[in-house]
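When the chains are written out, they are named A, B and C in that same order, and each has its own residue count from 1.
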């Protein structure tokens, strides 16, 4: 019985802890996931069909901090992606080289403060072993480095120019196959001064709702004001498009949407699961309790013949259930702390904080299981006729 | 009305009839024995008087209270204040000591009082076996615990169903002497069911049952 | 529109539920005490309350009167709570007073207490309903809430008119009854919401203020020299007394000690030996009935302890995340300047939480927000953005959020213009307080009111 109560409590408590923590964690993680808007050159006209490449202007980047939603721009990073030949000793390969800012303080126009931009503000999960690149060094993706047998500190040639490998990057994505340079260096190498092929932006946004999909042209003045003043990812993207010359800004949907809806659904699911696990535990408690009471029917008959009313008999068995509930609750809480830690480490790579506050929750749910599970069997057992059991016991 | 009054009680089971119309009155403070062959319905009658079983027909009055009118819990309340039971099997709670078994009856009645329970065990001559479990006691000693338990709440009636059925002659005599002593001190009414003539003759009145009826009712003078 | 109706229903339901609950327990209590006649002055009290609230409904009371009623709710809680504490002591054997009131004296007392108990809530609610119907320009909320109230009360009365009251009465002594009244007040005392539990923070603030005053007065009395060094060290120690967590503990201590002591006594106190020649069984029976009575009387008290713990607990849970929107604290101008102290007995501006202050300017209440930014500086702004209607901001974790459009705003950008950010105010910081020119507030507020700030919307 203790086991079933403990299991039920453990599941319930872990689920609640996880749902509380995941909510915070996921929304923080998603924010850390950063980039939710991508800005690329607009593709139109004859030149594009012919395959001529277009670029954005590096000098437009800082304008992102001048739009209406400038305060909600949390991070921004430019990328210049080009093809190049890498050679190391006798090995050669065609690779994508990417020029970007890893971390750069941008002076804000007309203000004394600066704004921190770069990859670390839009993709904070990038893991670089070693240093970020400077004028004479590059960072290699981990797969590429392994394939060519290159180690940190060795020298490679990019389109014939020598660079020191200052670090190895692993992201788990296509970046592992690429070579990263400082944006200026890449522009110089490719003769594309001031050009950028893509800009990622991380913006703090209002979750999308039905209102967000309305067409501003059909809105009343009041609605339009509200819409204008609401930081939907679409509104921010639209404004960014206006300041980047020849650009198209698109929300990266999966991130923006997750923030709004999935969390809600997740928590409903968690509550349902919690209720189900409590119910299951109560049922299993109930069957074990019923079996144990069946074995003790003659004891109940005896108590009745001494003059016990159902209330006092119930009290005796309920207090047993109470002790079981307390022990089960404590054990369950201990298990849930372990489970939560384990899941935290596995899923988030971080220890989720355990909540002492949940101890009473665990205890109450355990007692609830115990009480629910034993009330019915006790009621049934109380129906026994003392004369019958006492005779059978002979 | 008499203290205990049984009126035309019939008890039918699915396959058999245990009582076929029993009428019986018992005065307060008497010791009555009921004898008869097994299956004559004497235990059933005792259970019905004690409210452990309900009659198919007829009624039982104790001290003016119609047992048939009481709900199950009201019956339990009535029982704990008025009736003490001693069975053939000792029916003690196996994991409780003698004194705890007595205190259990106190708990169901009102609240526990250990000093009083110890005193009660002293009176039945078990002062030296207070903290033994039933399995560590002899049959005679177990029955003494049962008597102490049955009498702890000062009942008006003691119902005993073959209390000495499992005991040898010597222990039987000791138990009966104990009952006689307590009966003379506290004046409760005893109804004792037995098939042993040696036991039945300790009573003041002897009822003989056969086939669900009382066939003989005689006073005893001892 | 439907929201108005829902709100009206909730209010009617709440007031009726309170009334029905109190009626039920009071009549059960009187039944047990065998003083059923005292229910008559209770009915008169309720009648009088309704009459008075009707009056307040039709004459337009000003802000001051409203404020008085809002405060009265807190006071009634305290009066009944202190009464119950005294009665708890009394019933646990400490003789505080020794008299038995007869019905002649009790009748006006019951009447007055009934009015005192119900008046603030019902007047508050009726004023709220009045405002609802003014807003909606229809009397529907009035009818709806009155109807709900009537139905609920009737249902409650019918449902429990029977023998249930007899059992219920066994659980209530005078102490338990008074405690029950204060719990009902605590849970349902607010004017608007159903269970506001707003009394605990206000009690907390009261305690801090009290401690502050006592300490301050003691200093003045002892004529402690105002030496800066002494001030700093001493205040560092005394500061602990003013921290809100300390005050919370004090409140818990004050509120929980009497009931817990009562519970402890009812479970441990020796039961007196019954007198007279009785058998052991009879003695035990008398003792058991005393014990049962004690246990019954302990039930409402234990219930109260649970309520307090749960509300404290859920209050803590609220703070973890969720939307945080503090009530504005009123401030006044002094020679054209508004001064907000950095630390104050009831709050600490540097705690990273959103703080709001309200200033009366003509007919408007202008709200100012202050919050510590991650860089340690304070941002001082109007509680309004340039475009949205000035509904103000709340806080969710690391962001403030515009209540109107739900746009999150990073706290580090507060104090800068633009976006949906709150309109920054120029303020002078000293090491003790923030000073804001009222002319600055007025100028910016006029812009907001006139919609001038909205001109950037194309």
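Heads up, the rule we're going with is that a contact is a pair of C-beta atoms (placed from the backbone, for glycine too) under 8 Å apart; a residue touches a chain by one contact, two chains touch by 3 or more.
Fair warning: this is a prediction, and the values are worked out from it, not measured in the lab.
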| item | value |
| --- | --- |
| Category of the chain touch graph - line, ring, star, complete, other | complete |
| Chain nearest the global centroid, as defined over all protein CA atoms shown | C |
| Reference chain A; chain at largest CA-centroid distance | B |
| Centroid distance [mean C-alpha coordinates] between chain C and chain B, Å | 63 |
| Geometric centre distance via CA averages, chain B-chain A, whole Å | 73 |
| Distance from chain C to chain A - Cα centre to Cα centre, in angstrom | 38 |
| Touching two or more other chains - residues of chain B | 81, 109, 153 |
| Parts of chain B lying in touch with chain C, wherever the complex brings them together | 81, 106, 109-111, 113, 116, 119, 152-154 |
| Touching residues (chain side chain A, partner chain C) in the complex | 20, 23-24, 68-72, 74, 204-207, 224-226, 228-231, 357, 360 |
| Interface residues, chain B side, partner chain A - complex | 43, 47, 50, 52-53, 72-73, 76-77, 79-81, 83, 85, 87-89, 91, 93, 104-105, 107-109, 149, 153 |
| Chain A to chain B touching residues, read off their complex | 298-299, 302-312, 385-387, 390-391, 393-394 |
| Touching residues (chain side chain C, partner chain B) in the complex | 279-285, 287-289, 291 |
